[in-house]
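Next up: the structures, one after another.
Common to both upcoming complexes is chain A, partnered first by chain B, then by chain C.
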Partner chain A sequence: MTTTGQGMPRGAGAGQLTQAKASARGRWRIQARMQPSAAWRSVSILAALLGAFVLSALLIASAHVNVGTALGVMVQGAFGSRGAVIETLVQATPFILTGLAVTVAFRGRIFNIGAEGQFFAGAMAAYWLATVLRGAPQAVMLPAVLLAGCAGGALWGFIPGVLKARYGASEIIVTVMLNFVIALVLSFLLANPWREPTSYFYQTALMPDASYLPRLVSGGRLHLGFPLALVVAALVWVLLWKTTLGYEIRAMGINSLAARYKGISVATTTILVLVISGAIAGLAGVGELTGIHHRLRLDISVGYGFAGIIIALLGQLHPVGVVLAAIFLGALLNGASAMQIVTGVPVALVNAIQGITLLCLLIADVLARYEIRRTAGND
Partner chain B sequence: MTDVLQATFIVGLFAGMIRIATPILLAAMGELVAESAGILNLSIEGTMLMGAFSGFLVAHITGSLWLGVVAAIASGALIGLLMAFLSATLRADQTVSGLALNIVASGLAFYLFRLAFKNAGSQNLPSVGAFSTVEIPLLGQIPFLGEVLFTQHALTYLAFLLVPLISLFLFRTRPGLELRSIGENPRAVDMRGLNVVRRQYLAVIFGAMMAGLAGSFLSLASAGLFVPDIAGGRGWIALAIVIFGNWLPARILFGALFFGLIDSSQLALQAVGLHLPYQLLLALPYLLTIAALVVNRSRSRSPLALGRPYNRAERGA
Partner chain C sequence: MSVDSPSQSGLGSPAGNPGDEPLLQVEHVSKRFPQILANDDISFSVARGEIHCLLGENGAGKSTLAEVLYGVQRPDSGTILFRGLPVTLSSPRDAIQLGIGMVHQHFVLVPPFTVLENVIIGTQHQGLRLDRRQAAERLGGLCTNYGVNLDLDAQIWHLCVGEQQWVEILKAVYVGVELLILDEPTASLTPQEVDKLFAIMRKMRDDGLSMLFITHKLNEVLEVSDRVTVLRKGKLVHSVATRDTSQRELARMMVGREVDLNSVREPRTPGLPVLEVDGLRVRDDRNLEALRGVSFTLRQGEILGVAGVSGNGQRELFDALTGARKPFAGLVRLAGREITHSTAAQIADLGVASVPEDRVHQGLVMEFRVDENLILGKQRLSPFANGAFLNQRGIAAFAEDMIREYEIATPSGGQVTRVLSGGNLQKVILARELAREPQCLIVSQPTRGLDVGAMEYVRRRLVAERDRGAGVLLISEDLDELFSLATRIAVMFRGQIVGMLDAETASREQVGLLMAGCESTV
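Let's look at the complex of A and B:
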């Protein structure tokens, strides 16, 4: 039996250690909990966030900047005005989707590290279809482009799915390799056939207007992608907890051998998981393409796919948690830009904070599974 | 092409192959040792980046390249210690721990770089005078071979020397065999009264030190500067090459050289001015890695207990 990881479905560890009964002198010992209570887990998460906060403050302090001032600027930048809040939600939009993409996969213990590549595959498919359909009305164009994005991402998830299901190739390595492949394919396309003829930059021409996701508020970049991401979050919840496939995914995540004995086709489920995960990541790609940039460039993602891993784990592999974690990260990024301008602390701080938070949570999650108890053991 | 040009082309191609293979070989051999002890360390890419940065920083400050190399190894050891703590002591999920550490290491390297070199832009990157190549007396004089094999960086000689040494250690010495037994069946090793956790710590830390060293090769020997994407996926390739090499040192060496050859031929063809879609050529090693994963799986020598946390108190399975 494998020990379940951070945020993994519980219950698999239940078979662990039940020992130390019997006799004589009492003694303090550390032992595994059968089932960490919700309260205890919340405490451990809070402790982890506190630990991450302290470490992050130390990092800011290492830049010889007053930590209070820097944090104040950050909060202001993230939530200080209507415009700031809107921009935070704009930043959160791709995070929600890539976080959900990773959630679906990790729930089934399929380690999809390829959300970044699937993001680009989605954006590329969407761009291609938009140029093919140039001139079509918005009612046709917009749904078609969104679907193309999902399809592109799904295809880039299907490949590692099949390779794992049929040939047992590690999805971790394959998805990482495919990230590099798609980035190279895109940079080839941007250097040659897709390049805007008049441009000095490696970028395509602007896409047709009909493919733009409608903006929701005046004076802000918030677009239809945000509510769409929330809908996808709800759908992912339904998928995982209200459908047979979702049950199978979670069963596979807890113990794939047991799932196989129950008659679940692990191969089919593996492929489906990666296809769905890829489709959601692809949607994130279209969202950024048609909601924000309106043209394809290499920098339409600033690591959204990789951030998805962090968000999924911070959000405890639950859609609600993912949305919260994504908004938190959006706020962090947005606030850090303000902080860089005012105090000079590099925005790259966000990358470090993300990793530290994740590490603290991971440690807390493991520790929450143990307790110190006075036992009546003599061993 | 004239004969002379042709000769320089070929020498450049193969010398480049060996140079490019060096960091991948270092990291992959380190990872082999960690995986032999049953611990899958996915944080190689981040560790490499951290090694490249700390090596560069120390070399930039002190002016000593070798102190930089030491710093890179030390930073690797630190990350390895954390990985060992997470995986061997806390028995956390190794995949998730490795990914988390990867993000921490690359995030920190990125942040600290921006902090240390505030004004670094794409136009004015800070740099250090990189290591120069060391010609081995006599052997370096051999035409062709001398230029390809014996006019390389000191760290390259070290990397290639480590392959037979690590191979001997893992397959022919008592501690090496004990280490590999842990990867196959930790309980059996434990029952013989040998300390499993301590050996796993040592193996993981050694592996991470090698990744740090590999990073310093990138910043101090290949480039003489640091850019945030300097690792460029080489850590992941090293991980893939361990699988591609089926956990056998000789095949890992072959895998690293093969990757080096493709990358080097791309550079060489560009240098000659051939207009190829070089991006597609560059994608080739990644595609071939995937192909190797698919072809290899039936004869896998992967350590049986790889990636599974070992819990003394847990019975069975």
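Let's look at the complex of A and C:
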């Protein structure tokens, strides 16, 4: 064969080894599921909750608290009474709105990490307008304040939108930085110009009564913001799946190149997405301001904007999913604080339990997309 | 190991030589994927010193079979015998140790390394020191033997596609494979490079190497192979000596019915200018000048072909004409109206339809439903929109019409687009683009990767558009396609049109030489 001398040294001996190495055993393989069914998804969520439950129980036991009592109190605190249910919904209200804000953005693959800042921008604009309109009747005041909140949030979304559309600036970085900017602006305003003169705290005076969101039930804090959030959820659904703009947002989100080739203006759509997303987050800010606190403080949000990201992802970027995820998170928060009060479990543990639960859900969500299969050996 | 008879094969009948069992025997191999039976009870054999073609449409199971033979996939059942002994191939490493090599469609070379380094990567098992001198000598010998002219110290990224492929082949030959699997090796080569590749393949065959050559191009089968095995929908249709078959018969076996890919060009008198391009200059994504003054006129009722090896400005031309990329100099007129700086949406509204080269990324939103994709770009027009809202009824009715008219294989318009086959994806795009009877149609690589049936369909549609009076600009790397469809062929090289030929009188060699930008390639 090798008349040329350096032709092709055939791997004569090497092959025999491999031929002898015959394996009769099958192999376990992980592969992506073609299309995970709804039932399978539900099972995975239940499994995640079970996992979270077990881990949380271990944590609670490690703090020398009776696990049964603690978890019982937690469920009681979340759903055990009319008051508990109402408070859960109160907690869920800002979560629903920030979750929806993030959903709109993520559907267009715009990573708005600035819902927190837009939340504050909305609240600040609403507070400012309420003081300007002091003395106006509720019928004027309430819609004006709500719109001002949307406008404030929208403005705080417009800035990263324009920077991305015009100059290609990463919306992730810009929105994160704007969170700091608005927080520092608010600190400044609360330290001096807007500070309630008589107060020791960094907070404004109470807003005019006409700007308060009406309470819906006696003896609870549930306010108009909750049904409003549900209406916004419905509107977001209509926007995304029933309007031409929503079509363009989704097209851009899945394949911006194809969208661009087919004449969809990616720049305009990007700006619109961030404006809408910001407006919804801003509305969340007004809701907390005029529904709960009635005055502007630095702690009117305890990370609602960031929680919105988790909720949007847990809710599969779908308005219905977002509402469910928000209520779940509201219940978790509410139940955990009840547990803390009754059993004296440390705050850190409560936060850890929330974190564990969310992690378990997110892990399950990823795992549910794969399956393990046994592949046959071929002998 | 059996004693080789140095130059037995040639056109000799593979199984007929006494005392010489086939090099590779595949017996009843099946491989199932969740949605599809990719290989269904396949049995065939490859003789020593034979070029064996594996022919089939996309999705026929060729690549899966190749992956099974190279140890990438494990078969669900069946036996593979190599040199008469049953083997288990759990990984490409096993395959290489046995003496089975593979040249992939997409090369797996290390661009900053030299030719020599790429060839000897992973071959030196003793010690850490590379014996470059000895390796260079052996590799140089191989090159001389096969008539390959390669600078062994050149870095890979300096080489053209054809040369990179030789490196891939040399890599396999260097480690001493007995069976070389070539997966669609001609996909990105110029005609001259293809000729050169075939010459090398014949030389290797005469040296006793066996090759399994995977392709869906019939003329290549006839030109280079000794034996051909045809697959269709995962099943083996026929395994036959190449000289005993014909292009027509192979096409029928491959598709399962009679097909006609030619005879669509007929002389016509083109009408008024539709698209006038004058001195067009465009930059690419790296801000380099990709189109350096392109001028041509496309007329009504004409198919103007654009030939060229990919990367010579065709993409930028497509982008500039459809509004996806802004030219920095030059002029584009559509039916007398200037559209040089119009947006993609404006150009589409004026009656320019386009079929991009990359269906999946440029043409479709894969996670959308089929009916949603059918209106992409027209979502704000009646009857698909009603003010700011989508008109679901209008969209559904349109989708139903298009699915019927274009025979798109989908259960309904509500099906997610992702699951459609390549041919059906292209039909979705064609349906969308042709629905409004455009006056100008700009298509790029319209049949790339399609099976013969779909290819025939797409070409018929393009001809129908031409006959309706539309001007069609056909950008393609497939010379067969250009010669069978186009009236004139413009050849692009380095951002310029280096030749405008009459398809009736031009020869393939002429086009090939212009594509290579000089008199000789190799």
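We take it that the second predicted complex is superposed on the first by the 277 of 379 C-alpha atoms of A that agree within 3 Å, B and C clash if a C-alpha of one lies under 4 Å from a C-alpha of the other, contacts with A are read in each partner's own complex, and residues count from 1 in each chain.
Note that in this section a residue touches a chain if its C-beta (ideal position, glycine included) is under 8 Å from a C-beta of that chain, and two chains touch if they have at least 3 such contacts.
On a predicted model such as this, the values are computed, not experimentally measured, just so you know.
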Chain B versus chain C as contact partner of A:L362, first or second or both or neither: first
Partner chain(s) touched by A:S62 [first = chain B, second = chain C, both, neither]: first
Chain touching more of chain A, residue-wise (chain B, chain C): B
Chain B versus chain C as contact partner of A:I310, first or second or both or neither: first
Chain B versus chain C as contact partner of A:K262, first or second or both or neither: second
Touched partner set for A:V185, first chain B, second chain C, both or neither: first
First, second, both or neither for A:L349, with chain B first and chain C second: first
On chain A, positions contacted by chain B and by chain C: 1, 3-6, 8, 17, 19
Chain B contact footprint on chain A (complex, rising order): 1-6, 8, 16-17, 19, 59, 62-63, 111, 113, 163, 167-170, 172-174, 176-178, 180-181, 184-185, 187-188, 191-192, 306, 309-310, 313, 344-356, 358-359, 362-363, 365-367
Chain A to chain C touching residues, read off their complex: 1, 3-12, 14-15, 17-19, 21-23, 27, 34, 242-248, 250-251, 254-255, 257-265, 375-379
Chain A-touching residues of chain C, taken from the complex the two chains share: 1, 4, 6, 34-35, 74-79, 82-83, 85-88, 90, 94, 96-99, 137-138, 141-142, 145, 173, 175-178, 207-209, 322-324, 343-348, 354, 356, 361-368, 372, 376-377, 379-380, 385, 388-390, 392
Contacting residues of chain B [partner chain A, same complex]: 42, 82, 86, 90-93, 95-97, 99-108, 110-111, 113-115, 118, 233, 236, 239-240, 243, 277, 279-280, 282-283, 286-287, 289-290, 293-294, 297, 308-309, 311, 313-314, 317
